[in-house]
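Just so it is clear, A, B, C and D label the chains in written order, and each chain counts residues from 1 on its own.
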């Protein structure tokens, strides 16, 4: 089917490629004329036959501005899809604004990263039944080939919500492996840590795609010497813990994973300065001064 | 090759079956005459040609007693293999005692649970090169068919150590999924939680065998109504955190997973009684009295 | 000086008493005519000479409604004080609305609970210098007698912010004692746990008012048998962790304290059901079914 | 009464001073002849009238060696007191060895640090009733003047156990303050963080001696610029968490405090390297390379 794609970066560009390879007619727009098929959003919408479907794949910070710019160019029956990393709570207000103009809105949480073009993208979709149904040809092509990898998770917002929780879980999983990895290294009971991790890829309870990737990273750099102990975090981990707080869900594991990333970016943590200062105060313990 | 197997329970029995199906000659002994091939350990050793290899697969609590009973029946050049869930720190003393008699000792961490008979068992092996080499025909049959699932992790103790860390990681992974699952249920943003979890099995960053099993459990019982919120723990999770403490490894995630299991088994936690009592003391907050 | 007090519950009523005992002229209003000095907010403001100072001490959920009802009755130069448990982020919008009418706004975080009437209330104040100065006679009376217990913490919102962090710390402190208390009970190495806790009240590094209260609680009920292991939480603990997430502050201790309260109120935690179900799936471990 | 004191460092020396100031006859021995009253342990015991009481106040690592050296010089009816930071599990074996020679053993957990000489030392005592009673004159002098600060916590080992839990709680308390302090600094909602902390010293729920010391540290160095974010830990924090694991006590708060100290001493944490490497693998996220 025909699809407008706004944003042709690493994710949007690969998704457009995968769709075209399957015979879909994708008209792509990007700020960067070098990768864009059309010169403007106006030209994009002019090149799509109503009722249009336009997939927005831009950084979460500019999604609303993009939708605002796009809206006057759309008409009744069109559908806007947000496949970016928006906070789920942004979806309902957007859907409501667009519904007032007869325009549909569907949110899609997309997983798969740089591997999605080949393996397919896992899709978590939120929206009205009728809108989701119209987009199924697109979803069928983007998703992986097996029986899993797609879910209509609920009404508008449910797609981003499911993706947010997915990412929260991802934080916890990664950190569980990371802690085990560090213990293996420090205890020195095991003589070849990368080999142990590689062996875990089959037959164990903890086999997973993340473990495959950890093995791959260690194949490329056995001591991870080219990687600093510094981890960014994106919104989803934070939002997951915020939602846990809102719904009174004990979430020590995912929260600890998030906090460990925060700590990895601190140079001179005030909390630990306070601990050291207190130890000096009551016990006369020496402090490091640098 | 020929192998003596001591302990023919769920694990030992299945492993013996897998070995026999591949043509190995396994003589099994179990306390329970209904499943045992021989009447005693003496008969077991008498039925094996020296140099013997004897795999012990009994509950960790009786491993040492079993080895003590077995030792006088063994001779120089024999090898004892402990495939049970011993604490790694028990391995070196055993190996030393046996080495004094010219008997070898190999420790094997075995993963795979009830699925191992069909899929193969992941094996993490600790011991001397010569002993491990002699046992390779057994290991080759027990391990999964792919290129992973076996590692000679280091000297005596390294096998159980690797398995211990494997299980510690397992605690963290399981709890990450569990926290995400609980948030999905409580937030009610997603209308069909089991469907979302099923969809994650392909294309996502968090796909894994444990996720497959969670989906399987939800297929069998969508609300997990037949399962109480009560989780046992076995030694490995505790030992992993103890080792983290010993080696100064920050391990919030795995420790929190362990503590959550402890808490699940508490009826009236004194700590929370203390919190409630304190709130009443300073704020006059009402307490629940039951 | 003259002060209007809106809300004469446990906190507001005691504060009015403390102020009157020091010679201030307090006119109090409460919905409950039995404790109110005047029949309405209109009568309250009519009984105060401009420029008025009106202290609002109502549940956080009705603070905005109370201010809205009060505003038309006020005039330029008046000051509204919110001494309740508002989220700090509500303060700036209120201050702005009132400033448009020439009315000042001051937020005060109040600590001291049921003990404040006698011992004084610790006050953390946010607002403009000129407003805070005008209210100093009130603050001087409410605060404890010593040199501490009062701070002008910063501009509008800073008072509630400081109080929020105070309460977050309180969660962590309480839980540290609670964990130690539980370990003493369960390990049974110490034969008289309440006596040990009592002894800690002097000379130790961990002596504190909360410890005094724990001792008091144990004096009244040595086994805390009349108190259920069930702990409520109020907004401040949650907001503290939300702020930590916003500002990338690692906050494992306070977050864990909050999560433990959440867990104390769960009957059948879905997360632990998931753990038990997973153990059954991979290991054939029995589950409790009830 | 007469007391032998072995070890005249910061703790032992101050305690000897406090005892002498109250009229006790203390004979002190230290390896350092500059501070020792006698030239050897033999001279020490020779200078004490049987039945002797000898208080050992040496680093935990040399306590057993000291006792071994001392034992042949002692006789039936003598009492050895260990006031150092021994692991509680060392006490029972020592007591048993000494009991075979008719020598008593008492373990004392001592809190108070460098402030103890003036304020008194909190004492947590383990041992037999008759031995504790004989030592009461010493304990009465060492303890603070008020009604608290001394407890006979139970049989041999109970003193060190109570002190161990005390220190575990101390870790949690310190970290709760530290987290709140860091949030205040980073959020910048409060304009003068040290003033806020100072104000908390009276009237608040969180007032404590540790808070007094934090204020003191900030008075001396308002930005804690002379203190590195680097915190040592001593055995007690680790032992407390080990005991929690043994007795299945959920201990997220104290464990997190301990782990934060571990992390403060890591330069390039392998766990965070693994997280960064994984993010690069699945998402193509850039890593810091240094």
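Just a few scattered comments:
Following the convention adopted for this analysis, a contact is a pair of C-beta atoms (placed from the backbone, for glycine too) under 8 Å apart; a residue touches a chain by one contact, two chains touch by 3 or more.
Since the structure is predicted, the reported quantities are computational estimates derived from the model, not experimental observations.
The chains in contact with subunit C and with subunit D alike are A, B.
Homomeric contact subunit A/subunit C: same residue numbering on both sides for over half of the interface positions. Across the assembly, the mean Cα position most removed from that of subunit B is the one of C.
Centroids built from CA atoms put subunit B at 33 Å from subunit A. One simple way to say how far apart two chains are is to compare their mean CA positions; for subunit B and subunit D this gives 38 Å. Work out the mean CA point of subunit B and of subunit C, and you get 47 Å between them.
In subunit B, the residues that reach two or more other chains under the touch definition are 113, 175, 177, 179, 182, 186, 205, 209-210, 246, 248-252, 256, 259-260, 263, 266, 269, 271, 282.
Considering their complex, residues 10, 113-115, 174-175, 177-179, 181-182, 185-186, 209-210, 213-214, 216-217, 221, 224, 226-232, 252, 256, 260-261, 263-264, 266-285, 287-290 of subunit B touch subunit C. Of all residues in subunit C, those touching subunit A in their complex are 205, 238, 241-242, 245-246, 248-252, 255-256, 258-260, 262-263, 265-266, 269, 271, 282. Across the complex, subunit A is touched by residues 88, 111-113, 116, 119-124, 143-144, 146-151, 153-155, 157-158, 161-162, 165-173, 175-177, 179-180, 182-184, 186-187, 189-192, 195-196, 198-211, 240, 243-244, 246-254, 256-257, 259-260 of subunit B.
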